[in-house]
Each structure stands twice: as structure tokens, then as C-alpha cells.
Amino acid sequence: MLEELKKRVYDANLDLVAKGVVLYTWGNVSAIDRESGMMVIKPSGVDYANMTADDMVVVNVATGQKVEGKWKPSSDTPTHLELYRAFKEIGGVTHTHSTNAVAFAQAGMSIPALGTTHADYFYGDIPCTRELSKDEVEEAYEVNTGKVIIETIKQYGYDVLAIPGIVVKNHGPFSWGTDAADSVYKAVVMEEVANMDIRTLQLNPNSSMAQYILDKHYFRKHGPKAYYGQ
Amino acid sequence: MLEELKKRVYDANLDLVAKGVVLYTWGNVSAIDRESGMMVIKPSGVDYANMTADDMVVVNVATGQKVEGKWKPSSDTPTHLELYRAFKEIGGVTHTHSTNAVAFAQAGMSIPALGTTHADYFYGDIPCTRELSKDEVEEAYEVNTGKVIIETIKQYGYDVLAIPGIVVKNHGPFSWGTDAADSVYKAVVMEEVANMDIRTLQLNPNSSMAQYILDKHYFRKHGPKAYYGQ
Amino acid sequence: MLEELKKRVYDANLDLVAKGVVLYTWGNVSAIDRESGMMVIKPSGVDYANMTADDMVVVNVATGQKVEGKWKPSSDTPTHLELYRAFKEIGGVTHTHSTNAVAFAQAGMSIPALGTTHADYFYGDIPCTRELSKDEVEEAYEVNTGKVIIETIKQYGYDVLAIPGIVVKNHGPFSWGTDAADSVYKAVVMEEVANMDIRTLQLNPNSSMAQYILDKHYFRKHGPKAYYGQ
Amino acid sequence: MLEELKKRVYDANLDLVAKGVVLYTWGNVSAIDRESGMMVIKPSGVDYANMTADDMVVVNVATGQKVEGKWKPSSDTPTHLELYRAFKEIGGVTHTHSTNAVAFAQAGMSIPALGTTHADYFYGDIPCTRELSKDEVEEAYEVNTGKVIIETIKQYGYDVLAIPGIVVKNHGPFSWGTDAADSVYKAVVMEEVANMDIRTLQLNPNSSMAQYILDKHYFRKHGPKAYYGQ
């Protein structure tokens, strides 16, 4: 079932490798078919080199049960499911341990909106979640990772697609988009923006960007008045 | 029309990718044919991988109108046009979001002339523009980006080819040269000099270079007494 | 003798090159055959490009004598031997001069456990050894390098496989695992974690991770309750 | 004449590119034939991609005159000549603008001996020259660049091959060795050691290495008691 979606999720997972944002198996991409309520996700612990589209796993989003696939779904499956349940607008989710975004996660810092590269994709700082409590970690770690992402995004009060990524404290980045490929795109942009920002803050710890530049760049690419495509 | 120039602009755009200074479509190169008053520029939002020389767009520099091409010209077209109108000496313009040059742009800092690598190509600090005002951003953003570059370069009082690049505050680098390839060359040098300078300033925040070393290196490569070619 | 093990040690040495953690011949991998008490190790000063599995050297672990091979064993052989003698659980050892792990070694600092990437492989900070004394260096440098690693690991009181790596002060990283490939895996992870941590500490010198997150991540991949495989 | 030496100098120049320490034409390698008193060096301003061994230029070391070759010799020729005249032990010289070594040159700082990677090749800090005076720069810049290198090395009082490299203030690294390939080897090591040291000093500005570790590592690879080959 969902053979075409499996192919797209498989391609998106390989794109993570091609873009240099994963080492070993440190990343996973999923997508949802809203009509059937099914999620397709990378299998757990399978090498990218040997993986085929046929190895993708199908999970029922409502029940969390595996519906098809010869492997176990990614261990991060409960986090992906929480995101699809909370945000109806999103069609794909990506998780990586990319170096610079992880640095912000480990530092417990948001990735600040300091330039137009950022503003072209993210309408504001890319937030860092609060630390999970001991109970949250011990009782349902992966589910609660999803919940703390949702809690943080809701604090911003925006359309979830306007802040299509986050860093989870002490862990790393999650991103999302309209489909699997779009969520990978946002993961790669987030890593590059984090790289730019580490260097910027080293040069000038007080760097900032005016709100009207953020508005201009975001809205010339997004929404009814968009006209941009470099 | 201008088939040979289209080929050169196309090659220069691909060279950006080969030199590792663009991610996705985050860059664009143009060139001008002074005789006909036409500019050739990368199309908007077309992937480098699928692009051909035939996709380049021809724009009338005086009117800003598209003259030939199946795509829209790059969204940064008004910025390129301003530069060609203000500086008759330049034949090519490049814009990128290369990591280290963007870091200086986001920090609101000039890229200081700290060594002979810099002095071989840029006769002084590579300036950072002032921040655009709210009105400038909202009314004619891309045109005003060109205008603030021109304003900044004119403050230096030099031949524009002696300072063949700049960083626009909170945005990123623009560079120029005698033709498309030369403007890419300057973009790549600027990125590497920015990389060197971030590391230099980390080691010693008070780094500087004597004016006579800047003079020597610049003028052994440029002007009537040039003799250099490593 | 041990032709299969030679092939695995050879492959593991080449994997160091493929993963980008060695320059020139700055690394070596060994493995032990516990049944026969023999260690297979990279030869001394042979280029990776010209090396074959047949160039691997066999050394008697108890006596330290070469048993087979046309070359001298790696100069670090006495260090490897000390580790195999002290820790019966380990089957492979790797030494590199990878950039970021060396930075921690040169700074005399442990690589702190700041995130879940670290916690997935190392159950706590990756320690830095004390400085060797003048006598230790002059009398039996490579043997004493092994001894100070053992001394440091024993201070932690853990299963040696729970802290499968260390940085030797002013020198660089050593890592170990169940076999040659596993010790290379740990060397690559250590380098990437060191890279993440340098950037993290630059952003926030007071970064830290709660003990319960370390526990959760380590034990969901290791021990009787493991369930993880990204 | 000297066809074999031309081939070796050509190969050494290409190795600079393969090792990633030059951008564009920012580097040059030479070698000397002590018997005939002739130096073979890269031509000036010729791209690496189109260069052949036949393009190398032969210069008389005593007179500084070109003896054979269709191109002008590298503009840095006078610097190379000074080094061959002052140090009879050296057979090859390399100059690059590699990123991290340049950072130390621009910062006006020696590359400190902080670890065994350094100690394996350089018996002490890699010095940074003093700044050239205005007169030295204006009168005979390339000759005086050679002279200030010699002045600095002589201050150390060592065999020149024990400190086979230097950074020239505000300029970049020069290195030397027994032949062309050896001088490139030292250039690549210097760049990597500079990279390690920038990261080390960021982690701990007070990093240092005991003299007896420097002695041990240098002399296990060099001199009558050498036994090392990783």
C-alpha cells in the first residue's frame, strides 16, 4: 500500500545523506497520507546504503500500530505521530543530529533570526524547547518529545508552517513541511542558518535583525503577496 | 540574442556551485552587454541541475523590462540593474548567501583587510552597508538594496573595481567585476577572506595590517606597475 | 594465520580514511583473537593507499612479540597491548589524531556529555587523562600511554564498554569496542561529538545535560531494556 | 634540462590541490638541484588544471636569472631563492594561503606546540615573523620576505629542518623540506596543526605542552634514535 508515498519518503531519507546532514543512521524522515490516516516512515536501524523504498514502514496515525513493513518503524515514531496529530497542516517530518543545529539544542538556545537567509524560511527565531522533566523522560520519552515541541510551537501563536522547525533541548532539530521533501529542505536550511549564526554571534554577540526586514523577506516568499524565487 | 553572453552567464552560475558557495538556488550571476544595453541574468527559482544556457533571461537595463526568456528573471534583478546603471566600469554581478560573508553581514561588520590574500583583490576593508530603513524596505526593497550598495561604495571614493564587493547588512555579499566570471571569482575570494578573518579575530581581536602592505599587494597586481601572478 | 581477522582489521583501517578522521598515516586499528591470544594490527608507516590485508601484522598479546608479518607493527602497539591485557571485554582498538578530539586532548579537557548524540554511545563525559610524568614519557612512553588510559577508565568504575573512548592529554583520542569495526565507529562518533561540543561551549559555556536524559538515552540503546535503533 | 626534477615539482604542486590547501593559484612549490645550482619552480599565473611538467621554470640560484621555461617564474621566486641560499640543508620550498595557517599569520601569532601531532614534525612553536618595515616592503618585498624568514629561523638556533615552516606576518605560511614533496607534506601538517590549535585555544586559552613530551615525540621520529612510523 502507499507505494508512491514510500518512494517519496525513501528519496527524502536519501536526500538527508546527499545534503551531508546525517552521519550513520542519525536521521529519519516520514510523511502522512491524510486521506487514509497512514504515516510512512524510515525503518529502525537500517543502513541508508542498503535501504530500498520497500523497507519503509506504514503506521496507523490514530492507533500508532504498524500496518505494513518487514522492519520496526524508527524509534522516533511516537514523536512523529504526535506532530501529525497536533498539526493538520503538515505532511512530512524530519529529524536529524546535524552538527550546528545540535549545538544550539545542547546550548539550550533558540536559533535567532539574524538575517534574510533565515527570514526566507522561518518567520522568527527557531525556538529551543524547555528541558523535559524526569517524569516526562522516564514515562514516555518519545511521546513527550512530541508534546514539548507542540507546546513550544503553540506559544508562538503562528501557523505551524511559518516556524517549520525547532531544536529540542539537549537533543537536536526536528523540522516539518508540506511533504517529506519539504521537511528535509527545512532541515538543511536550519543547519545552514545555525552554522551562519554561530559565526555571527562569535563576531558580534549583540547581532540582531529589524522586524520589518523579517516581515519583508518572509512575506515576499510566502502568502498571497509572494513574488520571490532567487 | 546574446547567445554567447548567455553561455558565459550560465557557466558563471554553475561555477558558484562548483566552488561550494551556494546551497539550493541561493545565488545568482548576471552580465551586461554595454553596446546593446542588455543584461543577461539567471532565471528565478530554476534549479542549477536542470538549467541550460537557454534559460538565461535578457533584460533591458534602461527600462528594466524583460526582452527575452521563458522564465522570470531573478528576483534580485532590480539590485543588479542599479549597480550596472551606477557603475559603468563593471561587466558582471554576483550575489550569494555564502556562510562566512553572511556572518559578517549579519554581524553588521565590514570584512577587515587583515592580510595579503585580501590585499591582492580588495584595496581596503570590504564594507558592510548601513541597515535599510523601514520605508526603504517596504517601498522598493530590491532597488534600495542596490542604492545602499552604491551609497556605501561611493563613500570610499575609489574606483569601484578596487573594492569589488560588499556585504549588505543582515543579508549577504554582492560582488562585481569586469565580466560574469570575474564577479564569481571575487565572490569566492570574499568568502574565503571572511573565513580567514573570523578565525583571525578569534585568535586576536586586535589584528590589523599596515597600510603600506595593503598598497604593495594591491598595486603589484593592479594598475600600471602590476607584475604579480602567483 | 588469522586471515579473516586481518581482512577485518584492514577494512577497519580503511574505514578511518573513508570517514575522514585520518590524514596521512595518522591512525591505526587493531583487533584481538582471544582464543589464540593474538592481536592483528596495522603495520608501521605503510600508506593506506598501497596497503593490503596481507600487510597486517600479528603480535602475541602475552609476550608482545611479532609472530607474523613482513612489516614492523604500528609504533603504538604497546598501547594497544596494554588495553587488551587490562580489559577482557574489548575486541578492537582505534587511535586517531582527528581534529576536534585532539583539540580537547590539547586543551586537557574531557569531552562533556551535553546531548543525546553523546548519550547514545558514551555513558558520561569522555575523560581526558592526566599528563604523563617525565619519567613515564622517557622510560616507556607507549606502554605508559596505555597504563594512564587504564588508570583513568578505572576511576569511572564502569564497564569499559560504557565509556568506549578517551583523550590522552596533549596527544589525542583512543577508542575501543567489541571488534575492530566497532572501535572505528566509536572513534568517528567521538570526533563528531567533540565537534558539536566545541560549538556548544562557544554558544554557552555553561551548557549541561540532566543525568536522567543521559540515563534514558544510554539505556534505551544498551543493556537488557534496549529498544532503540534510529 | 632537469626533466625529472620538473616532474617532481609539478607533482608536488598538484598535491597541494589534492590536499585542499590551495584555492585558485594561491600556492607554489619549488625544488633545488644543488649540483647544478638550479631551482625548478611553478610558473606565474598558470592554472593548475592546464599545467604540465613542461611548464615548470628553471632559475639559476646564484644569479636569480631564468635559464629555461616558456613562462615567467612564480612572483615569489626571490623568496624561494633567499631560502635556498641561506639554508644548504633544504631541497624544496612551498608557499600557500591555507586558511588556518593564514589566520595565525594575520593574528601575528606563532602556532604553538600544544600536542604530539605538532611535535612529530616541528620541534617547537612554528614562529610568526615580525612585520616588515615600510622600506623593506617598498624596496624589495619578495627578497625581504625571504630575509625575515631567515632572520626568524636563525633566532631559534636550531637545524632549519627541525622547524620546517613559518608564518609571515599578515601574509601566510612558507614551509620547506628535503625535497619538493617533503615541503608540501610540511605545509599540509602546518595547516592541520593550525586548525587543531585554533579549536584548542578556544576551549582553553592557557593550553600548553610539557617540554619532555615535545622532546620525546620529535626525537622518536627524527635523529639517530628514531623508531617511529604510525
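Order of writing sets the labels: A, B, C and D. Residues in every chain begin at 1.
Throughout what follows, a contact is a pair of C-beta atoms (placed from the backbone, for glycine too) under 8 Å apart; a residue touches a chain by one contact, two chains touch by 3 or more.
The structure presented is a predicted model; accordingly, all values stated were derived computationally and were not measured.
Enquirer: Through what angle, between 0 and 180°, must chain A be rotated so its C-alpha atoms fit those of chain B, rounded to a multiple of 5?
Expert: 90
Enquirer: Which integer distance in Å separates the CA centroid of chain B from that of chain D?
Expert: Distance between chain centres, rounded to whole Å: 33 Å.
Enquirer: If you average the CA atoms of chain A and of chain D, how far apart do the two points sit, in angstrom?
Expert: Centre-to-centre distance between chain A and chain D: 47 Å.
Enquirer: Touching two or more other chains, which residues of chain C qualify?
Expert: In chain C, residues 202 touch at least two other chains, as defined above.
Enquirer: Which category does the touching pattern between chains fall into here: line, ring, star, complete, or other?
Expert: If you draw each chain as a dot and join those that touch, you get a single closed ring.
Enquirer: Which residues of chain D touch chain C in their complex?
Expert: Residue positions touching the partner: 114-117, 185, 188-189, 192, 195-197, 199-200, 202-204, 207, 209-210, 212-213, 216, 220, 227-230.
Enquirer: In their complex, what parts of chain D are in touch with chain B?
Expert: 23-28, 44-45, 72, 74-76, 97, 99-100, 102-109, 131-132, 134, 137-138, 141, 170-172, 198, 201-202
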